[in-house]
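In the two assemblies presented below, chain A is common to both, partnered first by chain B and then by chain C.
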Partner chain A sequence: MLDLFAPFFQRLYETTGVNFTPFYDPYDWGRLLEGMWVSVKLILAVIAVSMVIGVVGAGAQTSKLRIVRFLVAAYIEIFRNTPPIVQLLFFYFGLGAITPRVDMGGWYEPIIGSFGWAVIALGIFGGSYNVEIFRSGVDAVPETTKEAADALGFSDFKIFAYITLPLAFRFSLPALTNNVISLAKTSSLAYVIAVPEITYTLSNIWSDSVNVPEMMVLLFLYYIVLVAVIAWLMGWLERKLALPGYGQ
Partner chain B sequence: MTRTMSVTALSRITWRAPALTAVLCLASLTVAAQGTDGTRVSALSTLVVWIPFILKGFLLNLIMSILAMAIATVAGVILGFMQISPSVILRVPAKLFTQLFRNSPWLVILFAIMLLLPFQVTLPGGDKILIPDWVKATVGFALPVMANIAEILRGAVLSIPSGQWESAESLAFSRRQTLRYIILPQCIRRMLPPWMNWYALLMLMTPMAAILGVNEALGNTQAAMEAAGSHPEFLIPFYLFLMTIFFVFIYPISIYTRRLERRFSAGS
Partner chain C sequence: MQPASTWTPDQPIVALRDVHKSFGSFEVLKGIDLEVMKGEVICIIGPSGSGKSTLVRTINGLTPVTSGSVTVEGQEVHDAKLDKLALRRKVGIVFQQYNLFPHRTVLDNIMMAPLLVLREKRDDVEERARALLAKVKLIDKEDAYPAELSGGQQQRVAIARSLCMRPDVMLFDEVTAALDPETVKEVLVTIKELASDGMTCVLVTHEMGFAREISDRVYFTDHGRIVESGPPDAIFECPQDPRTREFLSKVL
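And now, the complex of A and B:
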């Protein structure tokens, strides 16, 4: 694929000095693809972790035990009101220093690498927003709908699983879209713990080839396309799941 | 009745969460201090020695966040007005500009500003002025907030019922007068809570400047740990302390923002 446009970008560099190294140098091309792949993997993993935390946390907030509700509230406040970059460093360096290391045959490697810590830290950070999003989704389900289900003989669990949850998910979709987009953007913070995602990769390329403006254009383009794709996917999901008579 | 109950419930959570944080911090610090070997004890005392240095860095975070917020508010309001302008020449570029900075990560914008902006400017007289890194970082932080404030302003103006525009028109108000005397006074109320949210978020992002060598709280914390001998046992207490100072500053702001939101949504 690189062969298709390599001559063009090679000539572009020779004639104008505009140096898009990843588009003619096979090594940088590989780095760019790898960076994009790691970035997408990271974002998907972070979203998955944050959604699980959000659902579990929203469930825990309805707990009858005050201590559980209080712990969830404390978790939300702590992670929303401290800098995400310090959270990331705290997890990676602070907790990473005390996690056990495994013998890799000659050298020792921590059980959780920088990618793993980025997923954990950013997932917990994003989860603190998702808890509130899902909770307000559950709150938005009308009491009368639940009562109607009760009258039709649904058990408490079935009411939650078949009535509340599907409606709550639809109600929370717009807010969820915002949070997913903001998480996708925040994933660039993984740069600080050297996760080889796109920001880190391109910064390596621009320090090797001294082509900051060109790589900056690529970076902006990558995130704008990414955000557009996520927004489109979530919009599609919202339309797909729309129920007549609810919202809109 | 329900309203007073929900308010008390809020304030109960409100004051217990920071209390818990403080307890957690103290507990983890004492756990660190009670380690068997002597080096652990020194982690806490080292932190105490370096606290003034870290707080000095935090002061720069405060200055950067306030300056950036001021720039972002002015530029954002202008950009927001351009977005709702009837003229296409103003509206389309403003929309593109807003979307560019709204949809890019803070770190990428910060990199772009730090690496692409010149490090010195030549005045018309021929004098050269060096631009300090923290000033450039401030501009970098202001841009994403600016785009979001523009969007908030646009949303607030659009949320005013169109009947108000029409009645103003029937009273012979010009577009400018309608905006100035009828629409904007109602918008400011709606814009205040999100504006404060964005300030809190901006403050939480300022430690990113450390990546580019600005000596703010995070940079100073890392420098302090290094100067004290880079022992791994410093990491947890130092970063925990750093999170605590940000929490202590931001948490009251977010409580107040939530109260405002509650009051405004109850009022309208």
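And now, the complex of A and C:
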């Protein structure tokens, strides 16, 4: 694939000095692809963790135990009111330093690497927003609709699974889209703990080849395309789940 | 708990004895006694806030009572040991605001409870659901979503949804109050057909003409008490209590 456009970018560099090394140098091309792949993996993992936390947290918020509700509230306060970059540094350097190391046959490696810590830290960060997003979705399900299911003999669990959850998810989608996009962008902060995602990779390339402006343009384009794809996917999901005639 | 087997069809299918209900310090029901025989149609009328809705909701346990007894087919409804499901399949309720499941099609709305709650076979349920849709004259709407239907159509789906559980008693809680005048009639026709099929019906209604036409007995409630009850002609022609007379002079 690189063969297709390598001559063009090689020539572009030689004639104008505009240096897109990943588009003609096989080594940098490999680094770019790897950086994009790690970035996509990181984003998907972070979204997955944050969604699980969101659903569980929204459920825990309705707990009868005050201590559980207090803990969820405290979690939301802590992680929404501190910068994600500080959270990443805290998890990686703070908790990372005291987590056990495993014997790899002569040398020791931390049981959780930088990628793992980035997933945990950003997942927890995103989850703190998702708890509130899902809670507002659950709150928006009319009591009367649940009551109708109750009157038909649905158990509490069946009411939740077949009525509350499908409706709450739909009500949450617009806010969830915002948070997913925000998380995708925030994933670039994993750079500070040396996760080899796109921002980190491109910064390595520009350190080697001193082509900072070109790599900055590339980085911008990557996020613009990525966010456009996510927004399109979420929009598709929203249209697919839309209730015909509802809210019109 | 009284075993269900002691109940025989010559006894009241629904019986309320000295039912009291308070929300906080506000007493909504102040000692209600009421009996419904199998196949009977009774209407509860009265001014707003007189406790009519609360009264019907105690019959299927949606609103717990403060004291007194409510029995359906001889079983105490407000017994902590009561099998909730056993009660739910005996008593269907239709609400003022239809309360259909907005994310399911009309056919799904009707089939969900028999499938999920009674765990019946899909083919059987589907056949029954289609027959009910034909009965409420909505056979061409089975794939529509609730929000695509008019209020009257949604209410008829809600009736079919309740009937698909094959209840012995149907409760109607001001089912035409939220409807446009022109769609009220289609819902009333559906209920009338149901009543003439022999379904036991308890209705809370503001449709006085309908109450008079359809019911075997009319109960007039005011301030949480049953003020007067009797055959519809007696209540509407020569009400005995001044409060009944006053109410009827306002609404008729």
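The rule is short, and it goes like this: the second predicted complex is superposed on the first by the 245 of 248 C-alpha atoms of A that agree within 3 Å, B and C clash if a C-alpha of one lies under 4 Å from a C-alpha of the other, contacts with A are read in each partner's own complex, and residues count from 1 in each chain.
The definition used in the following text is that contacts are C-beta pairs under 8 Å (C-beta built on N, C-alpha and C of every residue); 3 or more make two chains touch, one makes a residue touch a chain.
Keep in mind it's a predicted model, so treat the numbers as computed, not measured.
Undergrad: Quick check on the superposed pair: does A:Phe125 touch chain B, chain C, both, or neither? Answer first, second, both or neither.
TA: A:Phe125 contacts neither chain B nor chain C.
Undergrad: Which partner does A:Pro244 reach: the first (chain B), the second (chain C), both, or neither?
TA: The second partner, chain C, only.
Undergrad: Could you tell me if A:Thr144 is touching chain B, chain C, both of them or neither one (first, second, both, neither)?
TA: In the superposed model, A:Thr144 contacts chain C only, not chain B.
Undergrad: Does the superposition put A:Thr186 against chain B (first), chain C (second), both, or neither?
TA: A:Thr186 sits against chain B, while chain C stays out of touch.
Undergrad: Touching A:Arg170 in the superposition: chain B (first), chain C (second), both, neither?
TA: A:Arg170: touches chain C, not chain B.
Undergrad: With both complexes superposed on chain A, which partner does A:Lys158 reach: first (chain B), second (chain C), both or neither?
TA: In the superposed model, A:Lys158 contacts chain C only, not chain B.
Undergrad: Note which residues of chain A are touching chain C in the complex, please.
TA: Per the touch definition, chain A meets chain C at residues 142, 144-145, 147-155, 158, 162-163, 166-167, 170, 243-248.
Undergrad: What does chain B use to touch chain A in their complex?
TA: 13, 16-18, 20-21, 99-100, 103-108, 111-112, 115-116, 200, 204-208, 210-211, 218, 232-233, 235-236, 239-240, 242-243, 246-247, 250-251, 254
Undergrad: Quick check on the complex: what are the chain C residues that touch chain A?
TA: Those in contact with chain A are residues 60, 62, 84-85, 88-89, 92-93, 95, 97, 99-103, 112-113, 116-118, 144-149, 158, 161-162, 165.
Undergrad: Hey, which residues of chain A end up touching chain B in the complex?
TA: 70, 73-74, 77-78, 80-87, 89-90, 93-95, 97-98, 181, 185-189, 191-192, 199, 203, 206, 212-213, 216, 219-220, 223-224, 227-228
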